[in-house]
Amino acid sequence: MLAFIKRHEGLWLFTRSPFVMLAAIVAVAIILGAVFAPWIALVNPYDLASFSLMDGLLPPVWEEFGNEKFLLGTDDQGRDMISSILYGARLSLIIGISAMTIATFLGVGLGLVAGYFGGRFDAVIMRIADIQLALPAILTALLIDGIARGILPPDMQQNLRVTVLIVAIALSLWVNFARTARASTFVQMNKEYVQAAVMQGQHPLRVMFVHILPNILGPLLVIMTVDLASAILLEATLSFLGIGLPADSPSLGTLIRIGMQFLLSGEWWILWIPTLFLVALVVSINVLGDFLRDVFNPRLR
Amino acid sequence: EAFKWASTTDPQTMDPHAVNSAPVLSFLNNIYEGLVRRGRDMSIEPSLATSWEPLGGENGWRFNLRQGVTFQDGSAFTAEDVMFSYERASNEAADVRSWFAPVTQVRVVDEFTIDFVTSAPNPLFPSSIANFMILDKDWATSNDAALPARDAENFATLNVNGTGPFTVATRDPGVKTVLAPHAGWWDEAAHNVTEATFTPIGNAATGLAALLSGEIDFIQPIPLQDVAQVESRDGFKVLEGEETRVIMFGFGHEHDKLLYSSDVTDVNPFTDPRVRLAAAHAIDMASIDRVLFRGKIEAASQLVPAGISGYSEANSDRPEFDPAKAKALLAEAGYPDGFSFGLKCTNDRYINDEALCRAAASMFAAVGLKAELSTGPVRDYWPQLREDDFDMYLLGWSPGTFDMEHPIRFLMHSQDDERKLGSWNFGNYSNARVDELLPMIQQEIDPEARQALVDEVVSITQDEVAYIPLYTQPLIWAAKDNIDLTQRADNFFMLRWVTVN
Amino acid sequence: MAYFIAKRLVQSVFVMLAVAFLAFSLFRFVGDPITQMTGVETSVADQERLREELGLNDSFALQFARFTGDMLKGDFGFSYRTRQPVAEMIATRIPATLELGVVALLISLFVGIPAGVYTALRPRGFATQAILMATLVGVSIPTFVIGIMLIFFFGVQLGWLPTFGRGGTVKLGGWETSFLTVDGWRALILPAFTLGVYQLTLTMRLVRAEMMEVMRSDYIRFATARGVPMRRLYFRHALANTMVPVITIIGLQFGGVIAFSIVTESVFQWPGMGLLFLESIRFVDIPVMGVYLVVIAFFFVVVNLIVDLLYVAIDPRLRIRDVS
Amino acid sequence: MLRVEHLTVKFPSRFGDVTAVEDMSLSIAPGEIHGLVGESGAGKSTVGAAIIGLLQQPGYIANGDLMLGDTDLRALDRFEAHALRGKRISMIFQDPQTSLNPLMKIEDQLVETILAHEDIPSNDAKKRAIDLLEEMGIEDAASRMQAYPHQFSGGMRQRVVIALALCTNPELIIADEPTTALDVAVQSQVLDLIRRLADIRKVGFILITHDIGVIAQIADTVTVMRYGKLIESGATAQVLGHPKHAYTKQLMDAVPPLDRKITRFRVPEEDDGLAASGPGKGDAAEAWLLEGVRQQAVGLSLQNITVEFPGTRTSIWHKPKPFVALDDISFDVQPGSVMGIVGESGSGKSTLAKTLTGLITPSSGGMTLGGSPLPGGKTRSRHHPSRQLIQMVFQDPFSSLNSRHRIGTILAEPLWLYGLVNDSDERRDLCIDMLSLVGMDPDAIDKYPHQFSGGQRQRIAVARALLARPTILICDEPTSALDVSIQAQLLNLLKDLQAAFGLTVLFISHNLSVVRQMADDIVVLRNGRIQEKGASEQVFETPEADYTKKLLSLTPVMPHDWSL
């Protein structure tokens, strides 16, 4: 075991950094909680019959009037905070991961093509990236939301909110991937193994995806983690600006937005517990991202 | 004394006839005046008209105008200005023209007398034009503002010249507006404000912080849940009152089937009054009051709150919270397991509107009425309601005339586009007797007879559960302790009643 | 070099046009302006007439042509909501946003760069770990939460700083600045810090990474080997060489700072473009939204041109090559 | 002057401390040039870094004494050590391209260094800098000093680097591979300069290099290192001319001589676990390669090939002048022969190779392969038979194998790509056998490239090329990244394979000695033009072109009588 760990530098470093391990544990715990939310959670915030307004505004169990049924208290709807957070984290992660995945595919695909073929392909793709950059993330999201609102019938809007958010966030993230993939591809293009493959007459797609892609995964993986974190935050921000998710299908961001109303009212748990969760999740992901960066760029150690 | 206050939205224009919205009318009431105005208790009192009486021989009213009134630029106020303002406000470019729908003719009798002729007897006319503000003819015409601006701004969008107690010193739209007292105001000033600064603050938490840090003296409104916080601090007070706005659920009465149901798709159960009554019995107003509104609301039994003229004392009971009865009623109507339907709500229009709907949906669910809740900003909401895109919806209604006739006209009479009746009766609740009673109420001069007619309408609509009235929306303002002000039920904030101690 | 700049200019024009097109075509789908412009009781016929008057029934191409043409003439149309000229509305808001953005940027640079240098030079120090941790938490808390927390702490609890608005401003020509009053500066601190936090951590981490990379380069090793004083080594040699990538990223991010000021402005009721934009979204005020987008893109393009010029200033290799 | 005794340097790692240098001793007198040779990883640079106190983190000196004159270098604190650097010990790095701060003028860099150690007016410092640059042979130094590093050529830059190292009159300069990145012509200038400085200024030099020729040419004394340990030390002529230690002998054997062609290098069999291809191993692969008519040797000829690259655009109006990388190149390669291509860096050697393999499109001219025309660049389809017939071995063993693929995957690629073997088990067997043929263990098949040394990887690269069953093999500097001993093994392998399979080989190198060992014919390139072509021995013995003569004379050689 120890020998195995020693042989893999990443693993070795991992076992040597308690902080990174803690982050990994937190991230994994939250992710597991989110995945298994339907089985763990006391109430289902989507199921209106499963909670009651009469349980509203109960504080966490250690406070006066706390109720041991609701360990972290309830919100103004009578929903158990733990359940809301688990479901909220679930939605946040779904949005974050989907957006990041779409952005990865889009960005890496375009970046590879731009880097591999260069010339006109490169010019066109990079101009598109420029335009995207000129519209910062938050604007892109507001825009996409606006279009969706404009062209979809209202009832579909409700059902497609999550999709719209995912698309909006993905669109604002892909440039990062494209630029990195392109730059790394340029570097790889000068490597002799790529020239060997091209010279042998291998198909460009094979060269791009079988040969180049695995070699540029390192930096991409780092961006993936960082962007996952920012996607989750962006979703929260959009919720704050009122174009996120509706309150009956809450993400962590929506929970915080709702909680903001209780900033001063004494029901601190409605705001701070989801905020704490969000921060813990995002910090963990960022710590893991930093760690990956270190592993992939030993020069920075 | 300098006075600073904040509210959530900036009046989008200074033109009193361009936009018919509460923030604009409320703000401009400090600058412009109408022929009549409302007192602290909402009663109608003389303003630019000293008195008025019904016209003899024809339908309509004669207004005797106040003499010696000057506009803020010093020019004198005469009947010509009223005539001009009428023409301007009833022009098709004006957003407020509906106020003058009953008016057929306006005549200047002499310099200080003017007649408004209406198509039918209209006892409520004087009180319906309390927000009809008068501007100076010469000022408007010489500044190319003879008509309200529609697509481009004009002089009156940013500048004012009213007869009211305050005038605009500087205006930075969306940022800051500074008002100064009008030295030549005809009435005696009950305020001691020398400069009033208005700032719109959209974010509730920021607004509250601004008050608590002492940067503003008064804010309107504050969120319900922060009342305790403000009250607990030294030097601040909360003003609580009831707005005249009643919040209610409406039904798609005329739909033959549900639009958003996953189980009942061939009929519309809400056409059955028993189902509507079941829904009413499912609502636990006490919990809503306690948790969502912290005990600050009054349950409503009809579409106007008590105290509004025409309020039906005889029908002041609302269906009590009784889930068992609700279930029984549903079973009786043929839905022992309930059914699912779509519930539409706003999320930025009424206090806690979204939370209310979620709570209601949860309560409905408890008796088997599975609401598919969809909430959205108000900008998308009205079009959806107009297109009949709902099974059940949330609506708040404030009687513009402070009389029961108003909701009957807009919400209970069957839709009649030509006569502009029932125009907000989205579900098209229709009862022949109610339709018959409305003109009678409108023309009945004798209060008691009129009340009997109104009682009948209320009783019919309660029996048929045309709407589920929920509660009267609370009004919550907060101010520093040293500020005296008057909270009027229409949520209008009048600077002329402010004193800074 | 002239060619380099010329090429960038052409690209910029292209980007601007594309954004204008996007702004225009996308916002055409956002809600119906007519329902917003008219009151609840306007008849359908009236609405239809207004639609015709505003040219909303014309073909898409025609409307876009009119839009760009007008824009080139400096005519940005009228707000649907306030009926003021959009150009004027935005112009009066630009100083607020720009000053906020610039101060945020300066904070991020003046704190971020030294912090980045420090943490790069002492990678194992306790202070470094603490700074890294703090910045990590800094980027992980949503901006709006930070803003509100600052307001309540410094504004309400301590009462040191204003909670909203710009405080006192002075008009300099057409530019309303808060740089010239104490009040203005006090009002700037919290929002600028809120907006700058994210940027600050980015700058710091970037400087740190670049600095660590540069510190290993041959010329730094060579400079160390010949005993160039440490201070000079760090700041003259190493830091200067980290600036090229740092400037690029900061340039790219500045557009983001301006855009993210939407959040900060809404929290602090800062009377800038972002607040206007949010209001416009609420009221479907299409002309304002469209112009805002174009203005943001314009900032982006200008900042990037400046960045390109800075490169040339910093890096002699980009100046005209005189081959020896 | 400098005394190093029992120096041990360790690098902590996750496998425990790695001893990079162990019990190393050496001493240098003023004016002495002390050569430090040994293969890559021997610890040469680490010794230099330990002396100047710039060991890479987390390395540390575990033991030993370092005395510079009377100063105990190990006793100094951080600040004293830094003050001493430049003042008394300086260092020169390998790559002049990266040793200078690109953002500062030469003048500033010189002046700041002088001022860092001496309290003199900056005008004096500037004057001194000018003098120094002129001493280094830079004309018009006063105005050239205003330039930035990128405005200097490589050789001039290395002079500036040396000037920088010298400007504070240090006693000792550690030169870590100062000429490795330079052309022979520039290299000889720099070496002359170093010799001169040692003689005139009495500066002591530690000259770290892997090039025995360089040491032979200028070092007074030499130390041979291996695995961090001192192998042999003494006067250059003595150590290199009459090596006592077996390793030194091996090293000397592996150095290709410039003045004659030897048939094979003498390489000990068991060296580095790289079993040379013995009898019985790789038979199947050999048979497979020899099978079929395809193995007819095929010639190659180029007619008037010109390659142009678009120049960098600097003006809005003028089209940039294209850069001509190859200018009107014509030559024939006889079937089954080895064609050597030599030329300094940038002469177009790699461009030529890439043109032949279709990676670059020539702007004019034609090529034929075995008599039939060979389309160039983009016009050559992916399925053109030449894709298989022409294979290439690249220069850099670290980048020519995809580090994310297993060796088996890399080797099998040509087999299925060209449809040579369709069964995957068969492919695997063949790959294993081919590995044996190039002298590798069969279990290499499931490993990743990073698990092999440079020499082993180059063997894998050769195996990959052979598995396409090529008739033409292009080797672009296949050994320039390798140590001499490993180079010798690889060259032996290539010679054997060429002889066995009758391959036509294009052998590219900047190293004349290596080319002489390999080539039958030779082409000398310079700035994209052919300077000379002809039979190899003839060119080496009686060069005609001035350029060839110059190259031959400048290449450092060992005195004739040293080579065993």
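Letters A, B, C and D name the chains as they come in the text, with residue numbers starting at 1 for each one.
Simple rule for what comes next: a residue touches a chain if its C-beta (ideal position, glycine included) is under 8 Å from a C-beta of that chain, and two chains touch if they have at least 3 such contacts.
According to UniProt, the chain labels map to these proteins: A, C = Peptide/nickel transport system permease protein; D = Peptide/nickel transport system ATP-binding protein.
On a predicted model such as this, the values are computed, not experimentally measured, just so you know.
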Shared interface partners, meaning chains that touch chain A and chain B: C
Fewest touching-chain hops separating chain C from chain D: 1
Centre-of-Cα separation between chain D and chain B, whole angstrom: 87
Centre distance in Å when chain B and chain C are each reduced to the mean of their C-alpha atoms: 40
Separation of mean Cα positions, chain C and chain A [Å, integer]: 23
For chain A paired with chain D, centre-to-centre distance based on mean C-alpha positions, whole Å: 46
Contacts with 2+ other chains: residues of chain C: 31, 148, 152, 266, 278
Overlap residues in chain D, where contacts from two or more other chains coincide: none
Of all residues in chain A, the ones touching two or more other chains: 149, 260, 263-264
Chain-level touch network, classified as line, ring, star, complete or other: other
Chain pairs in mutual contact under the definition given at the outset: A-B, A-C, A-D, B-C, C-D
Residue ranges of chain D in contact with chain C within the complex: 52, 54, 82-87, 89-95, 98-104, 109, 112-113, 116-117, 144, 147-148, 150-153, 156, 161, 164-165, 167-168, 313-316
Chain C-touching residues of chain A, taken from the complex the two chains share: 127, 130-131, 133-139, 142-143, 146-147, 149-151, 229, 233, 236-237, 240-241, 243, 253, 256, 260, 263-264, 275, 278-279, 282-283, 286-287, 290, 299-301
Interface residues, chain C side, partner chain B - complex: 31-32, 35-42, 46, 50, 53-54, 78, 80-85, 89, 92, 148, 151-152, 155-156, 159, 162-165, 266-269, 271, 275-276, 278-279, 282-284
Residues of chain C that touch chain A when the two form their complex: 11, 14-15, 18-19, 22, 26-31, 123, 136-137, 139-145, 148, 152, 209, 212-213, 216, 252, 255-256, 258-260, 262-263, 266, 278, 281, 289, 293, 296-297, 300-301
Chain D residues touching chain A - in the complex, by the definition given at the top: 14-15, 354, 357-359, 381-384, 387-388, 392, 394-396, 399-405, 413-414, 417, 464, 468
